[in-house]
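Okay, got some structures for you below.
Here come two complexes built around subunit A, the first alongside subunit B, the second alongside subunit C.
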Partner chain A sequence: MRVKKTQVWGLISPTLILMILIGVIPVIYVIYLSVFKYSVFSKTGMVYVGFDNFRKLVFDASFLKSLSLGLTFVAICCLVEIPLGLLIANVLTYEFKGKGVFRTIMALPLAMAPVSIGSMWVLLTNPDVGPLPYFLGKIGVDYNIGVNATQAFATTVFMDVWHWTPFVILTFMAGLASLPKDPYEASLVDGANRWQTFRYITLPLLRPVILTTLFIRIMDTFRVFDEVWMLTSGGPGTATRFVSIHLVREVLRSMNYGYSSAMSLFLLYLTIVICWLLLTFISISQEEV
Partner chain B sequence: MRRRLLTVVFVLCFLLVPTMVFAQVANPDWWKKAAEPYKGVVIHGVSESTPPSKAIAEIAVPAFEELTGIKVELETTSWDEMYNKEIQDMQAGAGIYDFVYLEQDAVYSYMEQDWLTDLTPFVDNADLTEPDFDLPDFTSFIDYFKGKDGELYGIPFEAFLKTYIYRTDLFNDSDIQAAFKEKYGYDLAVPTTWEQYEDIAKFFTEYGKEKGIELYGHVAQAKTHPCLAYELCETIWPPWGVYNWGINLENMRTSVENGGTLNSDTAKEALGWYVDMLQYAPPGVRTYTWDEAAAVFGTGIIAQGFLYMENLGWLAHDPDRSVVIGKVAIDIPPAKPGVMEAAEAGEGYIGYYDGGAWGIPYCSKNKEAAWLFIQWCTRKEWQPEFAELATTVVRKSAFEDPIIDELNVAMGGYYTVMQEKGHLFAGCPPLPMQTPLNELYLQWISRAVAGEVSPEECLDNLAKEADELMEELGY
Partner chain C sequence: MKISKKGLRLFFIYVLCILIAIATLFPIYWTFIISAQSKLEIFSGPNFFPSTFHSENYTRPFLQDVYGRYLANSLIVATGNTLLVIVLAVMSTYAFSRFQIPGSSNIFFWTITNRMAPAAVFIVPFFLIFSRLGLRDTRIGLIILYCIFNLPFAIWLLKGMMDSIPKELDEAAMIDGCSIWGVLVRVIIPLAKPGIMVTAILTWIFAWNEYLFASILTNVKARTITTGLIEFVTVIGTNWGEMAAVSMVCLIPAVVFIGIAQQHIITGLTFGAVKD
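And now, the complex of A and B:
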């Protein structure tokens, strides 16, 4: 059946209109705002400043620090979550007693809203009544995320790992279940041991899944907000003021719309570059497979 | 059978609450007549979920709806969410809200942006203003909501101090008094100097450790949160002699070289003292906002501190939340030499007079109905009961009511302090840019509290950046 061009446009136009309304127009507006000095509290109103806001970004020590903190957070979380998820997903391919229960409990954090996760960790880590400081104190560790910057940062990483590793495990389990059986049978005939099978068969075959999962986790951790906001609000000092928190503070508290629009665009650009690099890797790995 | 009877009693009580309030209305016929043209109209409001707002939502709203037929949708939400909602509404001119909460420190921003409706014509309109409304009966707190030419933008419904609170059971304990005198050589009493405050804080924290009980001599709101910057600006710096956020209000600059006091030696000394004092507070003090500071005081492990007195109602009355009922008293904060004299002369102040008012956004679609509701919440005959519910007094006549005398005893003399010493406290200076300024202050002060920078480095950098921000904003 031949479909007319007008019919095609008629069918996709509702989606297109919706995308333009909620996607394209806001981005254009942000681009527009980014070339103005515009704060709600300014006496001068909107003043055209060209690319000054972008120039200011390069010299803004607090923005650069929060960006560096955000990227460090992304790197550590992904470096922990991907190998850990892969390991657990592999373990779960074997049959053992209580596997079903373990899988259910493991997936529970995924069902919780990030704000609830943050609130839960606030209670867990509360220096006055929280169980974590109490039990760590019993073994001689003075744990207080209101005072110790390293502990606060480590706790945000641990919280993210606890929340999101189950997602990584589930995607890897799905990936492992879809791998072809033939290479494994061949490796068995050739006398390969478990490590060799994993290293030379599972890992290469699973590479597209690993890269896709990594891609999703990088995006997610880069824009982490709710949990960290609930737990530390970026503190103590600036220890956990990741770039997403810095941006929200600029928009909601400083109401510096021009500068924060420039900041948002820069972060969007950075995200696109990272995405493009990862997508290139994924395409190459899929061709190789 | 008994359960059914209890249910019936509960339902009857529930129904009676609005009726009781209705019964207190001095002039019900006037209200009915004035509201007649707006019957069936729905007005929307937003406020912070504080005891006064909750009392209004639970008591005043149902009674108003029943009497006037005007429906009121009042959102009580968190402080920051309330700001975002009302600012976005007024900025966009959407007209979602017909009345909004105006916090004293934020009202200047709203006035600067022309976001508020001048209420003066409403006050002058006899058809819309109750004959007993009596504007001069409001305390001087209403002056904070007036424009440059005396135009009125808000009607206060809550006003309270942030001041010194202490545990009378601990301060009056003879063993503790003897131990204190032995250690410091003078009697344990309400501190009048910061050195005495520090001695008391240190004493009680050490006393707790010695006796194996959880007790601390100090509490603060030191979380990386706007409350931290507010605590310094409102509570710590003024009694040290650093006023108006360290800003020279004539040229709107903060650094010493530009005539400000933000990076003065006194401000640095006070900040250093504040950070140092955190050692005498509970271990979690750096995770406390204003809410946690009051909640921890309610658990009975704090001997003294500075709290927003809007919390005093539940601290003094609610056994579910407070173990210090009947054990607290209120006084003015200690002050550095010369500060008290300056405050008496009206040239300085020793603490923060906080509160809020109802205002009508310029874009409201039901201004007249909203004005009726605002009068309803602040009407004279309801104020003593409102004070009982929400620990707040905004009308002079309320102080004369016997209910206030009873409350004053339970609340450790709070209303006496408010009435007799209230003039020594002040609201936020007229800083239309206080929100972004607070954020900048927070960025640097939180770093000093975390030990990332010294108090000197913190305030020198803060003053420099605050001056730059002022210039950028056109001040």
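And now, the complex of A and C:
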């Protein structure tokens, strides 16, 4: 079948042009801005400073703290969500009436606007109106995420678990449903108990699905913004100031575009490195199986 | 009476399902309850079963305050972005699916890297570029901008669907004298219609849900409803009832669309992990 090349390019070029305009040019622009001192408040305009912004960045204690806080958040969320999702999905492998309804309910948080999830958690946790402070107060726990840093951090973790464990459950349920049946029959014949079956059959077979889900969750929790911004805006103090929130606050507060660009670029680079490392790790461990 | 092992297991499963369902639905229910109460009732302690429905929380922000306009903006931006994304994605996915195009195997990687990068990284360049081009605080600006995450996603989702349409069909149509555009319009689009609908719904939801770009790039005219939500939290006090009501309105599309096309939507939301 002969089709003119120009016609094919006619089909793709609008997409290509648009993606270059909004996907590539901004990145180039960030790279360009990152070597300037450029603030809306300064009268000097743009001043070329070379790598000074980056030098400042590596010694910026508040940025490094937000980075480590963000990574802690990633670690805790994944450590809770993946095992919890695995456990629940495992129990729910059996066919039962109403599985479809259950799946639909679980998919709800995934489609809801993250900001409105944040606002729902504001309504749950606010000392004036929320049931959480009210009932915790009754049993003598002083719960106020506007003041207590540990409680604020724990609440953001809890919110993320509420929001995203359904995603993990749904993926694992699908993964479990697609596993071959033979190994299970064999293990039944060999008299393996439930834990052994899970440990030596389900876990290795499900490994690709688990790794991919873990990958998506790591990247998503690292970039978390909307819900936490709505719930705590990064506070109290810097207790929930994860790296995206720190960046946005920096931009809004200082209006220092050069330095913010350097921070953006560093973050983008870090994301690509993490992404690449994880994907390499996944493909290596896939080959081993 | 002896309870069978299977019955016991089923009982356990239902208990677990109900617990999870309650945990998932409770925050939504609570938001609804707050939205149904007047200021006085809200501050008089938690009440899980209010007897009255205080509809003013819904009518005042949308009819008297600015939220009516925010809602219209959200609808226009989401719909405009969906139309743009679908037209571009159908065209380019058809090309990706049928012809050898260098780099087309990287679409998936392209999609995930676009999705994985923190959106906050792009706010500085977009703020400056949009200011210079006069696109700040315009709906058209947001419509174009949202392509950055929706377009790769739509292409990736549509690719699988178009790949499954047999090539022989378009070859037959070409022999009958159809041009490449004729094949697309007469053969591919009708056959891929369900897939295109699902992609459109998900694109629409993502555009509707977006917050960060809209909050940085709009001030007054083009503010969307998600952005308006955060305006409730003020120093002088928050109108909780109205905030809850606006949150509920934000949730409506998600609920409606999941209700309409649940299985396909779930597949899209879990990035193709759940297939049935």
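One rule holds for everything that comes next: the second predicted complex is superposed on the first by the 260 of 289 C-alpha atoms of A that agree within 3 Å, B and C clash if a C-alpha of one lies under 4 Å from a C-alpha of the other, contacts with A are read in each partner's own complex, and residues count from 1 in each chain.
To be clear about the criterion, a residue touches a chain if its C-beta (ideal position, glycine included) is under 8 Å from a C-beta of that chain, and two chains touch if they have at least 3 such contacts.
Every value quoted in this text rests on a predicted model; they were computed, and no experiment measured them.
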Superposition on subunit A - do subunit B and subunit C clash or fit: clash
Contact breadth on subunit A, by residue count: subunit C or subunit B: C
Contacts of A:Q7 with subunit B and subunit C, given as first, second, both or neither: second
Subunit B versus subunit C as contact partner of A:T221, first or second or both or neither: neither
Subunit B versus subunit C as contact partner of A:N53, first or second or both or neither: neither
Contacts of A:S42 with subunit B and subunit C, given as first, second, both or neither: first
Contacts of A:D128 with subunit B and subunit C, given as first, second, both or neither: both
Subunit B versus subunit C as contact partner of A:A174, first or second or both or neither: second
Touched partner set for A:R103, first subunit B, second subunit C, both or neither: second
Partner chain(s) touched by A:T156 [first = subunit B, second = subunit C, both, neither]: neither
Subunit B collision site on subunit C, chosen from 93-101, 111-119, 129-137 or 255-263, when both complexes are overlaid on chain A: 129-137
Overlap of subunit C and subunit B interfaces on subunit A (superposed complexes): 122, 126, 128-129
Interface residues, subunit A side, partner subunit C - complex: 1, 3, 7-8, 11-12, 14-16, 18-19, 22-23, 25-27, 29-30, 33, 88, 91-92, 94, 96, 98, 100, 102-117, 119-124, 126, 128-131, 134-135, 162, 166-167, 169-171, 173-175, 209, 212-213, 216, 219, 222-223, 225-226, 229-230, 243-245, 247-248, 251, 257, 260-261, 264-265, 267-268, 271-272, 275
Interface residues, subunit C side, partner subunit A - complex: 9-10, 12-14, 16-17, 20-21, 23-25, 27-28, 30-31, 34, 42-43, 45-46, 88-89, 91-92, 94-96, 99, 101, 112-129, 144-145, 147-148, 151-152, 155, 171, 174, 179-181, 184, 205, 208-209, 211-212, 216, 226, 229-230, 232-233, 238, 240, 243-244, 246-247, 250-251, 253-255, 257-259, 262-263, 265-266, 269-271, 273-275
List of subunit B residues in touch with subunit A within their complex: 80, 84, 87, 91, 109, 112-113, 222-226, 282-287, 296, 432-433, 435-436, 438-440, 443, 446-447, 449-452, 472-475
Residues of subunit A touching subunit B in the complex: 37, 39-44, 62, 122, 126-129, 133, 144-147, 149, 232-239, 241, 249, 252-256
